[in-house]
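The two complexes that follow have subunit A in common; it is paired with subunit B in the first and with subunit C in the second.
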Partner chain A sequence: MDLTMVLTRNPDAAYRIYDGQATVVLPDQAEVNVINPIGSLVWDRLDGTRTLGDILTLIVEEFDVTPEQARADLFAFVDSLREHRMVR
Partner chain B sequence: MANALEQIKVNSWSRAVPMAALFELTFVCNHACTFCYNCPTGQKEMTTAEAFDALRKMAEFNILYLTLTGGEPLVRRDFFEIAAEARRLGFALRIYTNGFLIDEPMAAKIKQIANPLEIEISLHGARPETHEKLTCVPGSLQKVINAVRNLRAQGIKVNLKVPVTRDNQEEVLDMHRLAIDLGATIVFDPVITPRDDGDKDPVNLMATDDFLRRYWTDPAYAGARREPVPVPRHDAPGEAVCGTGRTAFALDPYGNIFPCVQWRRSAGNIKTVASLRDIWHTSPVLIEVRRTAVEMADKLRDTQQAGKAGGFCNFCLGVADLQLGDPKAIYPQIQKNAEFRQQAYEEWKAKTGETLEDTGGVLSKCAM
Partner chain C sequence: MIGSTAEVRAAATGDFLPGDDYFAAPRDAFGSGAITMAVGPLRFRLEGLSRLQAERLCGRFAPFVEAGEGIADLAIALRRAGVVSFLRLPSGSEPETYRLGSRAARGRLALWSYEFAGWVEPAARRAMLAVVEEDGPLFERGLENFLRIMTASFILEHGGFLFHASGVVRGGRAYVFFGPSGAGKTTVTHLSKPIGAPGENRGGHVVGAGDTVLSDDLTLVIRRGDRYEACGIPFGLAHHRVPETGGSFPIASFNRLVQSRRVARERIDGARAVAEVASCLPFVMQETRQAERALQAVARALESIPVHRLEFRKDDGFWDVVEER
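The block that comes next holds the complex of A and B.
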């Protein structure tokens, strides 16, 4: 994984943001995923146009977190989204 | 993760921020059920463009769960256009249908275009003559069975919904087995409701007292009941009896916005409001139904104290208003069910020495 990657949310995923948290429903998964506010910012922007680098910049601007920490968290989060087939 | 979701739902309830809506796309139907609740008024139903506009307004209002229903939604020629638009707008879809039109190609198209979380199909009996006595359409039971098989083959979840009447009450266990065999879930509703225009004829079809007693107290029915042992209700002070006008709303084919599917008091028309936000917190109808829902919880507590089984009442304000003209009047079907539910609970308590408490809070209440 690197910062030039452009990912897209699984088009089957339905979601809305409630209380800053993305609530994501996939028809073939019983569980509804609720994503924390930083993760929700990432999720909302995985729209097939932005690179992970663009998203990292946004995180560092909006949240009180170092670029190194934000990058590690972003990669871990995107990994778990891929594992759950929530992004492609 | 489940806790975060529960917290979101509790917030939705306490702040009256709806997450779900039910969209009746048409009152047209290819069945002629004797107890059909729909009441077309002859007004013009929404065009495709108007339905798209309604979807856009609901998406802007942050609705996540959307049920497409009717009448029979699949008879609308533009059903798949509407379903595709709903998906594009990010709704999680459910479809409520009589299943008649769902052959193999239709099931594949539903999967491909609508990709719903679940399809709900009405079932009225385990034998053709019973099901078809109610639908008035020959061959309709076999069509339901085929529809479930076709949908399951596409990996789509199916839930069968059964209004229990005196005509099908002796087939409840067979219907339960049929659902298991088909890989579907099934929900029985032993409380028959009047038509949306207040016509009480369907209520005469209510299951017999003898059956209701067996349904709630006989262990043979435990698997078929939503709750194996009926749980006494627990409404915290100031908490509404249900989510009417609070967590969800219903939309009819003419654009009328109702506080829920059963309570048909129009709060406005989606075609004429610029945004649902404009009416949601200011509509006198919605303010009143929310208040009435809180008052009713107090009343049920009082009737329980008076030994009248209110604590076992899955009360519906909409049915009470339709049937008796008073949303807080206890209607006979619910009273009967509540008495047998209480009897079942007392028998279970005496046998096991245990007690049950509703710990689900607002999450266990009717929200549509």
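The block that comes next holds the complex of A and C.
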């Protein structure tokens, strides 16, 4: 994984941002997931146009976190989303 | 000659999967009878019933049967299935979750389970339901399962949702208790007996005529403008009771049941509350657009309905923390 990657939310996922947190439903898995605020920022912007680098910049601007830590957390989170087939 | 494609599939799995050819074939009605059922704001017109079926349904679902034809949200033509079963019925000792097959194409959704197969065309507000038997448990299950699915789907158009929850009315307000199977939904209805003679004073609180159970399994959440009300639905299958009333009542709270040794209530807010409720919506989370509409309906409802995590014991002490006075 690298910062030039462009990923897209699974188009089958239904979601809604509520008070800064995303509630995500994956119909084929019958699961309802809640994503924390920083994860929700990432989720909402995995729209097939932004690179992970673009999203990393937004995280560092919005949250009190170092670029190094934000990058590690972003990669771990995206890995988790891919594992659960929530992004492509 | 082996038979149709569907019959070949059935031979391999024990299931009979109705294809387009099955639904295209003409099927006999049970009779010429019809009744209209009113469930909250929804009106279902059941057509093609035998006189006996119509009489029995009117008796069983009396609080929900409406006189006159009116305008229905959905007209359902009942037909003889012409087969013994669709999905193979599990044996008594065979553990299995409820199986429901579906296929959507060209504005029509086809559905099938053990004892029924049918289709619905939401835009045309019409449906066909083929049931394997004319009478008895398989007829009742087939009809009620289909109507539950239709209720869950069509109530979204009205901004409401069908909730896997029990509902009890106390003091004119509905308290809704939800959670997965085994959480205690039926238990709280058994613990919600009539609480005293009307007007009786208990600890400074004048009690009403008693509790009214709306449902011990499925509660319909209805939107009326900016307010929300709850009512029971009669399609709860044999082991659940038909609600005591077809009326709807303002909702006081949603309560996520957690069995415990103590009684305590904690407010749940935001996305977690939406997720807790959304995870208990039957039938509507298997398709993306419908799931989005359901999430939207839940989020809107929770702007005015408080959600609590309710730890409770198997006695009526939970009412002390739940009841809004």
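By our rule, the second predicted complex is superposed on the first by the 88 of 88 C-alpha atoms of A that agree within 3 Å, B and C clash if a C-alpha of one lies under 4 Å from a C-alpha of the other, contacts with A are read in each partner's own complex, and residues count from 1 in each chain.
The working rule: a contact is a pair of C-beta atoms (placed from the backbone, for glycine too) under 8 Å apart; a residue touches a chain by one contact, two chains touch by 3 or more.
This is a predicted model, so every value here is computed, not measured.
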Following superposition onto subunit A, is the placement of subunit B relative to subunit C best described as a clash or a fit? clash
With the two complexes superposed on chain A, say which partner A:A22 touches: subunit B (first), subunit C (second), both, or neither. second
Using the superposition on chain A described above, determine whether A:A14 touches subunit B (first), subunit C (second), both, or neither. both
If you lay the two complexes on top of each other, which residues of subunit A touch subunit B in one and subunit C in the other? 12, 14-19, 21, 23, 25, 27-28, 32-34
Touching subunit C in the complex, subunit A uses residues 11-23, 25, 27-28, 30, 32-35
Using the touch rule from the top, collect the residues of subunit A that touch subunit B in their complex. 12, 14-19, 21, 23, 25, 27-28, 31-34, 36
For the complex, give me every residue of subunit B touching subunit A. 1-2, 4-5, 7-8, 11-12, 17, 19, 62-65, 87, 90-93, 115-117, 155-156
Per the touch rule above, subunit C residues touching subunit A in the complex are 269-272, 274-275, 278-279, 285-289, 291-292, 294-296, 299
